[in-house]
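Think of it as A, B, C and D in the order they're written, each chain with its own count starting at 1.
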Amino acid sequence: MTGMPTRDTVEIGLNRFARRGYDLDEVSIVPSRRTRDVDDVSTAWQIDAFRFDIPLVTSPSDAVVSPATAIAVGQAGGLGVLNAEGLWTRYDDPTPAYRRIREAAPEGAPPVSVLQDVYCEPVKPDLITARIKEMRDAGVTTAVRVSPQHTQQLAPAVLAAGVDLLVIQGTIVSAEHVTSQGDALNLKEFIADLDVPVIVGGAANYQTALHLMRTGAAGVIVGVGADSFSTGDTVMGVRVPLASAIVDAAAARRDYLDETGGRYVHVIANGRIETSGAIARALACGADAVQVGEPLRTAAEAPGGGIWWDSVAAHPRLPRGGASPAVSPAGSLQQVLLGPAEAADGRTNLFGALARTMAKTGYRDLKEFQRVDLVIGGHESPTQDH
Amino acid sequence: MTGMPTRDTVEIGLNRFARRGYDLDEVSIVPSRRTRDVDDVSTAWQIDAFRFDIPLVTSPSDAVVSPATAIAVGQAGGLGVLNAEGLWTRYDDPTPAYRRIREAAPEGAPPVSVLQDVYCEPVKPDLITARIKEMRDAGVTTAVRVSPQHTQQLAPAVLAAGVDLLVIQGTIVSAEHVTSQGDALNLKEFIADLDVPVIVGGAANYQTALHLMRTGAAGVIVGVGADSFSTGDTVMGVRVPLASAIVDAAAARRDYLDETGGRYVHVIANGRIETSGAIARALACGADAVQVGEPLRTAAEAPGGGIWWDSVAAHPRLPRGGASPAVSPAGSLQQVLLGPAEAADGRTNLFGALARTMAKTGYRDLKEFQRVDLVIGGHESPTQDH
Amino acid sequence: MTGMPTRDTVEIGLNRFARRGYDLDEVSIVPSRRTRDVDDVSTAWQIDAFRFDIPLVTSPSDAVVSPATAIAVGQAGGLGVLNAEGLWTRYDDPTPAYRRIREAAPEGAPPVSVLQDVYCEPVKPDLITARIKEMRDAGVTTAVRVSPQHTQQLAPAVLAAGVDLLVIQGTIVSAEHVTSQGDALNLKEFIADLDVPVIVGGAANYQTALHLMRTGAAGVIVGVGADSFSTGDTVMGVRVPLASAIVDAAAARRDYLDETGGRYVHVIANGRIETSGAIARALACGADAVQVGEPLRTAAEAPGGGIWWDSVAAHPRLPRGGASPAVSPAGSLQQVLLGPAEAADGRTNLFGALARTMAKTGYRDLKEFQRVDLVIGGHESPTQDH
Amino acid sequence: MTGMPTRDTVEIGLNRFARRGYDLDEVSIVPSRRTRDVDDVSTAWQIDAFRFDIPLVTSPSDAVVSPATAIAVGQAGGLGVLNAEGLWTRYDDPTPAYRRIREAAPEGAPPVSVLQDVYCEPVKPDLITARIKEMRDAGVTTAVRVSPQHTQQLAPAVLAAGVDLLVIQGTIVSAEHVTSQGDALNLKEFIADLDVPVIVGGAANYQTALHLMRTGAAGVIVGVGADSFSTGDTVMGVRVPLASAIVDAAAARRDYLDETGGRYVHVIANGRIETSGAIARALACGADAVQVGEPLRTAAEAPGGGIWWDSVAAHPRLPRGGASPAVSPAGSLQQVLLGPAEAADGRTNLFGALARTMAKTGYRDLKEFQRVDLVIGGHESPTQDH
């Protein structure tokens, strides 16, 4: 089936309908009649030829990903994604830029105008080459992100440097971009010509996800990348209830698998996934992996020194998110990802917690876990401060 | 169809039903399978013979509209509406009145009793004439607001001054006002006799909107003008979920178009439209334009100096809203309306953001954009302070 | 029809159902196609032979009702109810008791234990006689409240003193009290023997309201008297969504009217009715009058000096509510009830606001106004502080 | 019927469904047409041969249960449960451990890392024997808790000491634990071989509850033990709306009673039951008894000195809850359980309040009270501080 799926709808007023969507924290996992040893559980994930111990794709945010942290993420079992249009490719030495952000508001959040200013510096293709080389030399799977607007311009440098996975990511991406200029990126043709697998997104619903799968992408990012500090809702009126979006994209994955007779495109969830509980929920809703950014800023290795910002916060005319105040480190990157946790806030041992949820609900691997029982309703945990 | 539309209803108790209404911030826009260049998008709006680059009608609030700011709004592409029963027509020089409001509470919100006092001064018809002349001389489309109660008394002065559009606006207006005094305004006869187009409201539901369209008005204001500081709900028990009211008024517009064989009456949404996201939502629900007030107080040119109040806050016996504390300017009026934004709070670049939302969801003009997909649910952005 | 009414139900779990109830502030009034002059509106209410200009029955709380304030309420057009088991019948001079409460926590809320202590003093029947006489002598309609437990004991003194209306009120009252002691009050026999009309309650649903109507009462109080400081929910797990309870009681009124061929029993709503908006909502849901207490503490004449407490807050073993901190007076009792208002918080001009809501929705009298359109949803006004 | 029960479901997205669950505080008790004297009400509960005046099973938390407080709970009419894997069996004298926790944060909540550290000390079987003996000697019914993981290892010491009731309790327990190690506890065989009755849990849904009943347990704990300080939702994505879980477990009890021709397994509710109102709700939903922990910390006898923590807060790799700041005592344990209350916060006279709720709704005993009318919706009481 490739038609438009139906779902619960609400009649806002006469003859105008809206779908009712659910966000991740409205949905919870229900333990069922079986339990399992945590040591018998696997959180492994594989996309194309690349295998990972944990289903983690980092956000391509300069706040948390430098070449060095991308390497550390790879060594911990995940996939680090460097922004090919970020500070590391705009500045030969980005240290002063980071320092300027950190020092802009020692007590609070750096103003957006400082981010806008720091990101005025142009991107240099030869720096892209150098950064990818540094990651390759460390022996981890390499991935960089480019925006749809700059894909054609920057792809040559990226590919020549021998990247393993290419991430084409904007807040909202479609397979059908219309322009009166006549030079829009044709994703389908572009991907068909490539040798490296592509992850593309973000998509917000079944149709866009299905169309992006049909471009030949290996993975589709679902969600518009909202984090606790993003304001896409206030600025643009756009909101994507992520649990529903993941479920719809998983339906597109199923339908595309059927229509192609066996091509499985991975669904990578992205949006306010900031605790181990949210990671478990996203996978339970049907995601194959999660794109995580904000929680990594608590790692001692985070290049932003505990501050978080998404790239859209630096938009020159219409920023759609802010930077956070700095937090003190909660431990090493290894500890943030794999524990042990010394606090009960869901912000460390992110993937150890996932394994335990799978064990307590009786599942052995992620593909099985996508079928776990869900419930809507009930108390939320006390609010975490961050 | 001109009957009473049906909609989701709730049985409050035995045999007593209420409709379920939705407010603007419960409804969000969902990106779909197409995107478009922002430069290919038009936000133009035309009512009667008057064309505007942006679908903006200002609130007729003294806090944000003086003759000078009405001119500046016109030059920026919108329609400024001066209150013909406000400070500029009560005082030859309103400067001391403004100063008194501003100085009543330098740290907080001016008390309602100060507003009540300042508005005791009677309206002078010759000042109406002078203010309209000032705006006309600047070459912009001119509009003033009168209340239904004083329309018959003040209209001669307004019309003689050559206004382009007349706005007859009260919190709650009907086409059928009953009085034992026998001298109520008959809107239908009044408008039929006029040469200038009339915008009338606020209306709260399908029936009232339809009846107001049948008076011959060019535009109908939908909503009871609630802003963040209005208390019509607490004081009168009246609440109008705006998304549902806009959708219902758009249905009335469609039905009236059919019943007249082609008369298109514009729907102008009014009520807590305080961010660019809310503007996008109101238009997505079916409005042709939005009445915006409170956000304009952040413009450097705002006559209230950053304080906001609605005219109903000055009611002598039953005020239904308060004044706000002052905010510092966020930029020029031009910047508030058209950008660029230096913060991510949805309070500047109000209509540049609209164009971007239209582009990211693939629509070229406002009439098409009224069909964009909507979703109920999901996270709200972090609360803005104002 | 006298059977059990059905209503929206929720299946909490397997085969266990709960009704979905709505509270007053979830329900709002929708303006419709007609408006009316406020001077053409009547808020009059009549029960038995007694006519009132405003549909106000005071809570029998010592915080707001002394003999003097009961007289003032009567002179303003409402019905003041003195507690026959309160401070005015326990103490010859209650001034020191009031002072002790006021001085127990000059900056905050007096502790419950102080209330428990002050109310240990026994009730004196001859003080009941004296207080009623004082009110009668002023020429207003007189009413006192007794609890169901003490009705038989205190009624002789009350009746001998010539009270006009007897209010038998507890938090939860039924027409069928079961006891192993064999001396329970039989409401039906008791009321049948009386010459004065009785108001009885609180009742929480259709059945209890109907059974209380069948006792011969002239009025039934609906709701368990919750106010902003009551904790019946936390302490006992009992909650009565008032909008639904009023609607159900109005259905019982209709059914009882039919079953008796014409006996109309008044429904008096009681519970968190603390703003003019809530008063309008309660009447719109079908109440004939409202029992109001907490807002009267802002009157300069309130005997509690701005502090509020309900009698259940003084229970010796299980208090179910607290006292409030003191507020400064907002005006005279006359102004609180009839205006003008100098603030927009819905706490003064309580019944002037009602008249305006009726006018703006086109209704002439309260009986018609019970049919006004309602909506569920939409923004609440900014929270008032009190 | 022993199949899977159906219930209200929500379609999160295409073809993925979740049940809608309700938490205790969404459900409230509705008074009905009958009332009763509080002295005619019984709150008695009996499991196996053991009879209790109040349906109280304590949480096995070191914060509130020492051998001495377990004895005091028994003397007040309830069942105290000592943790056989807590401080009293790890330390010959736990006083210094308690002191360390108390002194770790004199002004706030002790950090999780201190709990982790204190609980590193191994459990000593001979201390289990000694603690049980101490409680037996006092003449009360004795009960201790063991975790499923350590049941086989610790049960001999527990049983040899002559315990009356064995509680096998983990956050999430199933009747079917799968392990690759081959040495998992077979609950059914284990219980069949025992002479003492077993209470086992927590279970989260109908199926798990039914399977645990089939192990031969005398009681099943329903809920995952969440309290105000637990973070199982944030850490693991697991949430159990308790009202729905109790109702489902009560359905399992009914089905198991039918399938066995008369075996009644008790349902004991556990999760955020922190006020007398919550106790009444849990029993009204169908529980036979409640497991209460956090409120007991306000008793003067609480060994934690007013601090609360659940055992899962001390997990060495993945704590799922924190400790609370200390509160001052609200009275003796007797007063917390049976009154009188000197505050209206639902935190003292916990079971006196239950009796009053039963009386005000007309029920004589707990089994009848499980049928009381329920409502969803309505105001919550003002938030309590703790």
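One rule holds for everything that comes next: contacts are C-beta pairs under 8 Å (C-beta built on N, C-alpha and C of every residue); 3 or more make two chains touch, one makes a residue touch a chain.
Worth saying up front: this structure is predicted, and the values here are computed from it rather than measured.
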Chain hops separating chain C from chain A, counting only touching neighbours: 2
Chain B against chain A, contact positions shared by both copies (same if over half, else different): different
Whole-Å gap separating chain B and chain C, where each centre is the average of the chain's CA atoms: 39
Centroid distance [mean C-alpha coordinates] between chain D and chain B, Å: 56
Contacts with two or more other chains, residues of chain C listed in rising order: 22, 244
Residues of chain A defined as touching chain D within the complex: 5-8, 22, 27-37, 39-40, 206, 243-248, 250-251, 275-281, 284-286, 339-346, 349, 352-353, 356-357, 360-362, 373-382, 384
Footprint of chain D on chain C - complex, ascending: 10-23, 26, 111-113, 116, 171-181, 203-205, 207-208, 211, 224, 226, 228-242, 244, 272, 313, 316-322
